[in-house]
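So, here come the structures, one by one.
Below are two complexes that have chain A in common, paired first with chain B and then with chain C.
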Partner chain A sequence: MNKVMSDKKVIALYVLPAFLLLMLLVYIPIVLTGYYGLMKWDGIGSMEFIGLENYRNLIVDSAFWRSARHSLLLAIFSVISLIGYLLVSLVLSGRIKGADLFRKVYLIPMLLSSVAIAQLWMRIYHPTNGVMNRLLTSIGIEQPPLWLADTNIVLYSIFIPIIWQYAGFYILIYYAALRNVPNELVESARIDGASPWQIGYKIKLPLIAGVIKVTIVLAVVGSLKYFDLIWVMTQGGPNGASEVIASYMYKQAFTTYNFGYGSAVGFFLLILCLIITYIIRKLTATKEEVQY
Partner chain B sequence: MEKDHKPSSTEKPVLQKVAKLFLYTFLIVIAVVQVLPLVWLFLFSLKNNQEVFNLPPLALPQDPQWGNYARVWTEGNIGQYFFNSVYITASAVILTVIFASFVTFAITRMKWKLSSLVLGMFMVGLMIPVHSTLIPLFNFFLNVNLMDHPLAIILTYTAFNMPITIMILLGFYYTLPRDIEEAAIMDGCSVHRLFFQITLPMTAPVVATTAIINMIYNWNEYVFVNTFISSDKFKTLTVGIQNFIGQYQTDWGAIGATLMISILPILIAFFILSNRIVEGITAGSIKG
Partner chain C sequence: MFKKAFTLLAVLLLMTVFVLAACGDDEADSDSEPDDTGTVDEGTDDVEEDDGDSGEDATEQEDVVINFMHLWPQGSSPDHKRIVDEIIAEFEDMHSHVTVELEILENEQYKDQLQIVSSANQLPDVGMTWAAGFMEPYVRGERFASLEDILDDEFRSSFVGGVREAYEVDGVTYALPLELNIAPVFYNTAIFDEYGLGAPETYDDFLNVVDTLVENGVTPIALGNRERWTGSLWYMYLADRIGGDSALNNAIDRSGSFENAALIEAAEEIQNLVDRDAFIRGFNGLTDQEAKSEFMNENAAMYLIGSWDLPNYTTNEEVDQEFRDSVNFFKFPEVDGGEGNINSWVGGPGVGLFVAEDSDVKEEAKQFVKYFVERWGEQAVVDAGVIPGTQVDTDAVDLPDLFIQVLDELNNANNLTLFADVQMSASVAEVHLDLIQALFGNEVTPEDYAKQHEEALAAEE
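Up next, the complex of A and B:
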């Protein structure tokens, strides 16, 4: 038995195709991104080694820091909105008939492409014919906002479809975790006279702390690399008001053909995601991991 | 049945009913918010511009313009994009699920020193932002003559979806009883036969789950196609509808019909397989 199941040739045959693809298309590229970041390169001509110049420029590039600030803002919004999703899941995990159906309906937007969602919300936000402004004018507001053209609100306008898109995803995760809380605990607390609020806050929440931690990482890292929806809706505009790290990187690389500088931005994004994942995990480390 | 431990209080049941009513209203309002934009989309896909602009947003179209769909399918090249999405998605799903099953089998069933290291490398792959790989991938595909070729997209999807697929498969492989497999080996069954005739069929439910999750990811993917594909004949729907809408910016009915066509396969899959989708998304996120 052991001999058959430790046959090196078979193992290589089973693991190598996937492993080589992973190396070739994921790991080697992230190393190369760091390397290209040391080059002056337009993507077509030859590379010129310029050391850390791209990274030095990055540090003083105010347009880049503006995009980083927007990404961070999205991350903060996303983490705050987790509280709302948690609340909905707590309600759902109580004695709610049709809880299963509710969470499925909530999930629908998440399954659609960000491109389709962006296009749909561009119509919703359309200055004159969109649902939003027709509603506002019908209740007497004469100058409804230009949702995607006003530099002061565009980032918030973009965040609404993001909530709409991801709400069902987080509710689903929280709901699944809450369903795993042992029923006896909840019942005995109820018999002891605990209110539903106390049961939720004092018993259920601590028990799903591990899952909450994971969702915080998902929300922060997901926001830092957020791209599709913003790219389709505004391309980072107007005037950089909705620029985020990923859209800034994409523009540097594929609009202005600054491949070297774009690589530096991409490498920064990678390091940022890895560091933040690590920090959040350390900060929120619990003594006893609750595994589901 | 409500267990009331203070039978003296008569107000409690009434209060509880009001609270329940409030909670259900809350949940239903959220459900409406999640679905209403899509209902509105469906309605305007069947209207002409005059109706879109003059009727209330949720009014039914007076004369449903099903022609919008036929028109964008042929004139807007949407049929071509749709076909590309189907075969690129399907090829990548098949490759990913088979390769990932091989890896998961080798990691959970076979004995080798590097298995936990290799598993760790696949799992770290979950955290890599796509944008940090784009420029090197662009350069690589240019150099191997795969730029503007569907194979570049299929291979990229396969590589990037491998970690999450393995993660979902792992949970199932760990819980699967091993006695049948052990007995087969005792009887002199080869590893290949064991994998293809015993293990793979036993994991059919989770393979279906990963396949549907992969299908959704691939169908919706945008950045890779937008970066590596430039010919219309290879573009998938996500990028194709971008082009199309650019040209038909003022024709709301056509835009609506295009968007409906692009989301319909996902909606149909959802109505048939919602349990599997829910299961896959849960399994693919929590352990992360």
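Up next, the complex of A and C:
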């Protein structure tokens, strides 16, 4: 086996198929997007090279920055919600009764498709017949909020299902990581008189720090490029109040035929994600992995 | 060991090939049974009605395939799909060397797909497009073929006035309409009767209807303004009734300004209606579908929508008979002191058929389009409840009364204003639609509303 695997040709042969597919489906389109971003193009006819003008327009486009602010808000909320997921996982991994059941309960929203979740929450938020407003009127609130129509709250109304949707995913990751914490460490800490809080904070968390870093990156990048639920529930409306970068990009490219500009937005989003990932890794970098 | 590695690799490669092939062309696998043309088909060649290419077809014609992309899948539009299939079968029978291959997508996917295949210059030979602003980039990009050569006088005059023109760019026709719609205000007579109301004849009557319903705790108007064009209909009618049919049209075609007093007044009137609680709560977050269901569940008394919805109030067996009987429509009332006429309608053509400029089978494709439009006009209204772009003889068809009334209104119409978002170019339409939502949501003043329209329109001049 070792002999085979050290043969460069064989290695190349094994790596090649995945590499080709990845090139074809991911990296080449990225390069093309960058290229289209330099064009004035309606996505249909011929292109015209305009250099960096799309990017110049982007910098002064207030609608874009508004959508970027919404995306960043989503990223912040997602990261904050990670704390909640972590607490739930800590409790679940503490070998309580029914932990397995709860884990499954939390995971189920992840199994639903985004469109189904969106439809479900649109029903919940329905201004007159929705569960939410029915509940509020039954306890005496006469003018319950218009969850998806009020420009001041629509964004937060959509954040809730998004965060709900991904709860299971992160809880699963944390749970798995916490289960990998060696039992001896927990046992010996307990013998030394550590409280459950101390065990969690001082022993378990440092040991899964690597996983936490990864989830922060996942949550931030996932939020920045988030699209589906928002598109189905409001299409970025009313009047751009729930627009995010990805939906703005889509509208530019496909609704208003500014394919070049849409590509520039997409490419900018990619760069933004790369930079933010880099910053997060720098900020959370520790000198060495904690080991006990 | 080597052998094993290579076997694995071979399997992997094979899988890759399959994946790629599956992504590649889906034409190959949808090939219907090959044309095993025997002597029988040779015979039918004579019956072929061929305009133009009479050269070689008496002998052997090369088999051609017309790729046709449409947006009426079995699931959501079974009647449409059935008529399409019938027309295709007839056409294939008449032209034995032609096979029509279908690709069917839902509305939104269809729009995306059309743009994507167009950017790769791989449009289907025949496909569907929307009028004016939607198709203009395709025409400017030289993707659609001119259809002037199949428009002989008789064919040309078979369209309802002004409808084919919506598919013209610089005076050349690039697509032919299949659908035509006007937007009446549908209302629930049962609710109206309960409060002693009749169909309003003037705008003041209308306001009275709204106020009476509100006082009695009934939602006057179902509106799903998440889609935004739905709200645009209300604005367009008010603009028309206050400023006459030219006010909005002139602002859009730049022979006038959007900062016209009538257009601002219409915007004020919208906010007046909103303040009177005329529209359903939360309309800016509701889809048209949700609004429609409020109307159909008799939770709202009025609903302004295109005549494409007529089957729901007439022939659709899935809708409660009692409800269908209680639905009627009225024309948007005239505003006191306004310049508009009650017989001026907001509406316009829906989809039309185009032929791709780069098609290899342009001649056959054009013949197909012509045949399709003619046959569609004969069948659509009776079998699918679609008002076609071609004239319908209301005496000759057996239709529910409501249908006949709408068709008659169409014949009496003295003006048809094309939906604003269709008239405008795509990016201005986007500005308009967002402003509509802002106007209804009281987030913009009528003056700013007009000003921002004017800026967007002027920027494109």
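Criterion: the second predicted complex is superposed on the first by the 270 of 292 C-alpha atoms of A that agree within 3 Å, B and C clash if a C-alpha of one lies under 4 Å from a C-alpha of the other, contacts with A are read in each partner's own complex, and residues count from 1 in each chain.
Basically, a residue touches a chain if its C-beta (ideal position, glycine included) is under 8 Å from a C-beta of that chain, and two chains touch if they have at least 3 such contacts.
Nothing here was measured: the structure is a model prediction, and the numbers come from that model.
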Inset, instruction - Could you check whether chain B and chain C clash or fit when both are placed on chain A? - result: clash
Inset, instruction - Determine, under the contact definition given at the top, whether A:125 touches first (chain B), second (chain C), both, or neither. - result: second
Inset, instruction - Scan A:153 for contacts with chain B and chain C and give back first, second, both or neither. - result: neither
Inset, instruction - Could you tell me if A:205 is touching chain B, chain C, both of them or neither one (first, second, both, neither)? - result: neither
Inset, instruction - Have a look at where A:43 lands relative to chain B and chain C in the superposition and call it first, second, both or neither. - result: both
Inset, instruction - Mind working out whether A:237 is in touch with chain B, chain C, both or neither, as first, second, both or neither? - result: second
Inset, instruction - Could you say whether A:79 touches chain B, chain C, both of them, or neither, answering first, second, both or neither? - result: neither
Inset, instruction - For A:255, decide between first (touching chain B), second (touching chain C), both and neither. - result: second
Inset, instruction - Mind telling me which of the two, chain B or chain C, contacts the most residues of chain A? - result: B
Inset, instruction - Examine A:17 and indicate which partner it touches, taking first as chain B and second as chain C; both and neither are also allowed. - result: both
Legend entry - chain B/chain C common contact set on chain A: 1, 4, 10, 13-14, 17, 21, 43, 254, 259
Inset, instruction - Over in the complex, which chain C residues touch chain A? Could you list them? - result: 1-2, 5-6, 9, 12-13, 16, 19, 111-112, 115, 118-119, 137-138, 140-143, 225-226, 228, 280-287, 290, 299, 426-427, 429-430, 434-435, 437-438, 441, 443
Legend entry - Partner chain A, residues of chain B touching it in the complex: 3, 5, 23-24, 26-27, 30-31, 33-35, 37-38, 40-41, 44, 52-53, 57, 99-100, 102-103, 105-107, 109-112, 118, 121-122, 125, 127-140, 155-156, 158-160, 162-163, 166, 182, 185-186, 190-192, 195, 216, 219-223, 227, 237-239, 241-242, 245, 252, 255, 259, 262-263, 266-267, 270, 274, 277-278, 281-282, 285-288
Legend entry - Touch list for chain A against partner chain B, complex: 1-2, 4-8, 10-11, 13-15, 17-19, 21-22, 24-30, 32-33, 36, 43, 88, 91-92, 94, 96, 102-116, 119-121, 123-124, 129, 131, 134-135, 164, 167-169, 172-173, 176-177, 190-191, 193, 211, 214, 217-218, 221, 224-225, 227-228, 231-232, 245-246, 249-250, 253-254, 259, 262-263, 266-267, 269-270, 273-274, 277, 292
Inset, instruction - Spell out the part of chain A that touches chain C in their complex, as residue ranges. - result: 1, 3-4, 10, 13-14, 17, 20-21, 42-46, 122, 125-128, 146-151, 154, 234-235, 237-240, 251, 254-259
